[in-house]
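Same chain, two partners: subunit A is paired with subunit B first, then with subunit C.
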Partner chain A sequence: MTSAIQFTFSGLTMGAIYALVAIGFVLIYNASSVVNFAQGEFVMLGGMLAVTFVGLGLPLPLACLASIALTTLVGLLLYLLAIRPAGDASVVSLIIITIGASIFIRGVAGVLLGKGIHQMPDFLTWQGLNIAGASLGSQSLLVLIGTSAIVLALWFFLARTLLGKAIVATASDRLGAQLAGISTSLVIALCFVVSAAIGAIGGLLITPIGLTSYDFGAALAVKGFTAAVLGGLGNPLGAIVGGLTLGLLEAWSAGYISSLYKDAIAFIVLLAVLVLMPNGLMGRSSVERV
Partner chain B sequence: MKLLKIALTSAVRIAFVTACVSPLTALADITIGSVLSLTGPAGFLGVPEKRTLDIYVDRINAAGGVLGQKIKLITYDDGSKADQARTYATRLVEDDRVVAMVGGSATGTSMAMLPVFEETKTPFISISGGAQIIDPVRKYVFKPPQTDIMACQKVFEDMRKRNITRIAMLYGTDGFGMAMRNACLAWQERSGIKIEHEESYGPSDADVTPQLSNIRKLTSIQAVLSPGIGQGPAIVTRNFRQVGMTVPLYLSHGAATNGFIGLAGAAANGVRLPGPALLVAESLPDSDPQKKVVLEYKNVYEAAAKEPVSAFGGYAHDGLLLLVDAIRRAGSTDRDKIRDEIEKTRGFMSTVGEINMSPTDHLGITLSAFRMLEIKDGKWHLAE
Partner chain C sequence: MNALSRLEPRFRILLGLAILMAALPLVIDNAFYLRIAALVYIFALATLGLNLLMGFAGLVSLGHAGFVGIGAYTMAVGPTHLGWSSWTALVAGPALAGALAWLVGRPILKLRGHYFAVATLGLGLLISMVLNNETAWTGGPDGMTVPRLSAFGWTLRGATPWYWTSAGVLLIGAWVATNLIGSPTGRALRAIHDSDTGAGVLGVNVAQYKLAVFVLSAVFAAIAGAMLALFHGHITPESAGFMRSVEFATMAVLGGLGSILGSVVGTAILVILPQALVVFHEYEHVLLGLLMMVFMIFLRAGIVPSIMTRLGRSEL
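Take a look at the complex of A and B:
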């Protein structure tokens, strides 16, 4: 029983991070049909920049804010300098641009921030919970709380503010949104900004648990993309369900079977879901879009 | 584009031919080649290795060089990829005409390069860990750094001293972790240790509490051994304390860096691992024959590179000095003479201990190359 709880805690913590990456994918995908493979680099930058700022002597909260601000700026620049100039290029070209951008960001981070592995202390000095012998560290708890807060804030933003509604409108019909007077390029830029900020927060939260390094983003991008597809690419709620499912699957397979098969099991489940439910766990059927 | 390419290659060829016939060749430098992993996952090995080679080549040249000639070091970055390492090995031999080679940050890249040097009869001193590089013995290949089998032996020896016989192993599924796991499995019976349970983790895993809570359930386990490299050992150590485990934790020499203590923090206290004397250079007794060499390397490196020494840089130091020593004794840059002298090396003190090569032993070191280290109050201490 203790073990089962421990596996679940571990799965939920990692799952929450995957969910944050997946939400980033979904936001940009909805607004622009681009799968932004640089999403993992936002997570890396969030952690690496904060570590660097702490190293320069900034207090932790200030370092975190500076890191989020700088990562957001990188997100905006990615859109302004790489995606927008490509204009009406095909979606495949745009996706390849994001892959190029991710390699570029990783390379610059490696040179400027160093190639070593870095750590950050837990945000709280409190040890965390111990439930029936299974431990849930304070940082894991922060990851879960932080992810929930981001999800709620995002929901509020999308459903209750004019700007958020403009994003939803652009996602559902870009031409229609344009005709209604929405500047779609502004909306897409906004999606890059919000995705970068969410990625950076995910990176900040996970660094005290999983450490960070300049090449940490690529693996997370794959996991986050898997989670987004599992949940049904295009659905923010699906991204959360997909992320948590992936995290739990990984932790349970590592605990009950072997971590050697962890990735294989996650991908088998992904394939099975896509065969049985081609639109993912929470995806709308594509007929609706026609 | 094509024209440009032809023009360029011709220009290079002309330059090359001119260089060959120029009268300056009589005073040519001694060219030593190196292929290291400066980028990619093994980048943390290659970077201190390259710094060490650069620092020591400069020092040797400043002191008058070798045989009255300057050493010219040519380094390529294989990006931690075996196929690229092999391409550069061929280039070093065919285009750069090196007389010998020091390098190969990882076992995989060393193994990929080794056939090139065997074929072209170029002496190769590998600075990576895997025992398969020198077992079976290959005529032109030498490798002083400790092997994973020795690490297992050293850990098992220490466990027996503490009356530990039943252990669990939690290994990383990267090349380093897998190789040491296999070595330890093969060696357990001879050392009187029984590995009763095995768990594994992936190289990019951020959390191993599920695996550790499986081990915690087993009451018969007296200690945990966790071979791995990179961030893995630090995460294992932190999670080990987090789930409240109290049995002794042993790590591998993959964690024998100062960076490890920084990453694992207070959780590192009490951890034991087999490591190089380099990490405890100051606290070695004065009677220790290795003290002079390790202290000197530590001081030279830290003064020039402005960062703490690592075992990996030490391997590069040993490889280069071993080669230079052999060239001096050979009195020539003839590749076969250099090879013969490397094989005749006796009593050469290095950061991995005394090196004694022979025609049947191209490793040259004994178990004493490893020290059992324990981390106390965030510092390395000799556990023996």
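Take a look at the complex of A and C:
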């Protein structure tokens, strides 16, 4: 029982990060139909920049803020310099552009921030909770709380603010939104900014638990994209469900079946889900994007 | 009317490709460059198969390196562990990949767009995980040695024999693809690309055609994989990894979706570019990413179709 709870805790922690990456995918995808494979690099940048700033002697909170700000800037530049000039390029061409961007960002990070593996101490000195013999470290708690806070803030932003409603309007019908006087290119830029910030925060939160290095984004992009599709691409709630499901599946299969094949089992379940529910766990069958 | 103008335009491309292949060794009389050219032809075969799937059936596969891996590892595992001759393995690998594509294709081809892409991504990752983890059979991350192919006391090795072998196989592949595109099957596939529903209404068996092109693309990939294994004499799971799958998709899109010549051009660029960029050492990835973005932004329809449009020709 103790180990079951332990696996669940670690699954939820990793799943929360996958969910954050997946939300980033969904935000950008809904507003612009772009599948942004550079999403994982935002997470990498969040962690790597913070580590670098702390190394330069900045206090942790300041380092975190600077890292989020810089990553957000990278997100904005990605849109302005790579996505917007491509205009009406096909969906596949846009995917290749974002893959190119992710290789580029990884390359620059490797040159500027170094290719070593980096570590960061837990944010809090408190050890964390002990529930029925299973420990939930303070950093894992921070991940879960941070993710919940981001999700709530995002919900509030999308549902309750004018700017957020402009995003929802653009996602539902770009031409209609333009006719209603919404600057859709501003909205899409905003989505890149928000996605980059969310990714950076995820990277900050997870770095003390795992390690980070300049090439850590690609694997996360794959997992996050998988989570987004598992939940039903385009559905923010689905992204969260997909991310947590993927995290739990991995942790349970690593614990009970084989740690070598933990990813394999997650992907077998993914294939099964897609075959049985071709629009993901929470996708609407009537809506056909792409 | 001369003979050239009587030739159908699509076969002129094949002829041009053959002439280029024949002429290239005259210009680059250097074993290192010949080996790179052979590598381009081998990879181009896999890209060509993927391009049929992406450009004609409109399905993006992010797991195609998995099929390359099946072809490659059959060349290694068959002779080493099962006592097969290399020739048996050469046939068995592509057959195995085709059978797997057929088996998996039936359920996953129902998926559309990004859902299909993720399903193939999952499939590719599964294959590369098996190759990485089943160390007793595959040698794990270190990979394994591949026995050379030989017949009648002659062994296929060296830059020049490999250049002509890979060029010949690619030409055959391009000929198959050209015929397929021009056949009623090709027209049906193009109709599917434009609209699944529309093609279905006109009596095209959408599911069957998609399955056929998926199997064909897997077989092309596995043949390329088998050749890659024989060419290097050694194979690692990296050749079946996700990044390789992404590279194949990039090669197809970069060269031009649905374009046979584009498959070769896109592959050539992505194989040669990293070799050339090695000079820049640390900045290799920075430049590679940058060039990928620049190419796709300015030649968004792919290199070959974009150039053809500019030259005022639409058909290629």
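Just so we're on the same page, the second predicted complex is superposed on the first by the 285 of 290 C-alpha atoms of A that agree within 3 Å, B and C clash if a C-alpha of one lies under 4 Å from a C-alpha of the other, contacts with A are read in each partner's own complex, and residues count from 1 in each chain.
Here is the rule we use: a residue touches a chain if its C-beta (ideal position, glycine included) is under 8 Å from a C-beta of that chain, and two chains touch if they have at least 3 such contacts.
This structure is a prediction, so every number in the text was calculated from the model and none was measured.
In the superposed pair of complexes, A:Ala264 makes contact with subunit C only, with no contact to subunit B.
In the superposed model, A:Met1 lies in contact with neither subunit B nor subunit C. Between subunit B and subunit C, more residues of subunit A are touched by C.
By the touch criterion defined above, A:Ala132 reaches neither subunit B nor subunit C.
When both complexes are overlaid on chain A, the residue A:Phe9 reaches subunit B alone and has no touch with subunit C. In the superposition on chain A, contact is made by A:Ile105 with subunit C only, not with subunit B.
In the superposition on chain A, A:Leu179 makes contact with neither subunit B nor subunit C. In the superposition on chain A, contact of A:Leu56 is made with neither subunit B nor subunit C. Once the two complexes are laid over each other on the shared chain, residue contacts for A:Leu162 go to neither subunit B nor subunit C. Residues 110, 260, 263 of subunit A touch subunit B in one complex and subunit C in the other. Against subunit C, the residues of subunit A that register as touching in their complex are 35, 82, 85-87, 89-97, 99-108, 110-111, 218, 222, 225-226, 229-230, 233, 260-261, 263-264, 267-268, 270-271, 274-275, 278-280, 288-290. Those residues of subunit B whose C-beta lies close enough to touch subunit A in the complex are 39, 41, 43-44, 47, 173, 199-202, 204-211, 213-214, 217, 230-231, 234-235, 242-244, 259, 262-263, 265.
Residues 2-3, 6-7, 9-11, 13-14, 17, 110, 115-119, 121, 128, 134-135, 137, 206, 209-211, 213, 215-216, 219, 251-252, 254-255, 258-260, 262-263 of subunit A are the ones touching subunit B in the complex. Across the complex, subunit A is touched by residues 54, 60, 107-108, 110-115, 118-119, 121-123, 125-126, 129-130, 133, 242-243, 246, 249-250, 253-254, 257, 282-293, 296-297, 300-302 of subunit C.
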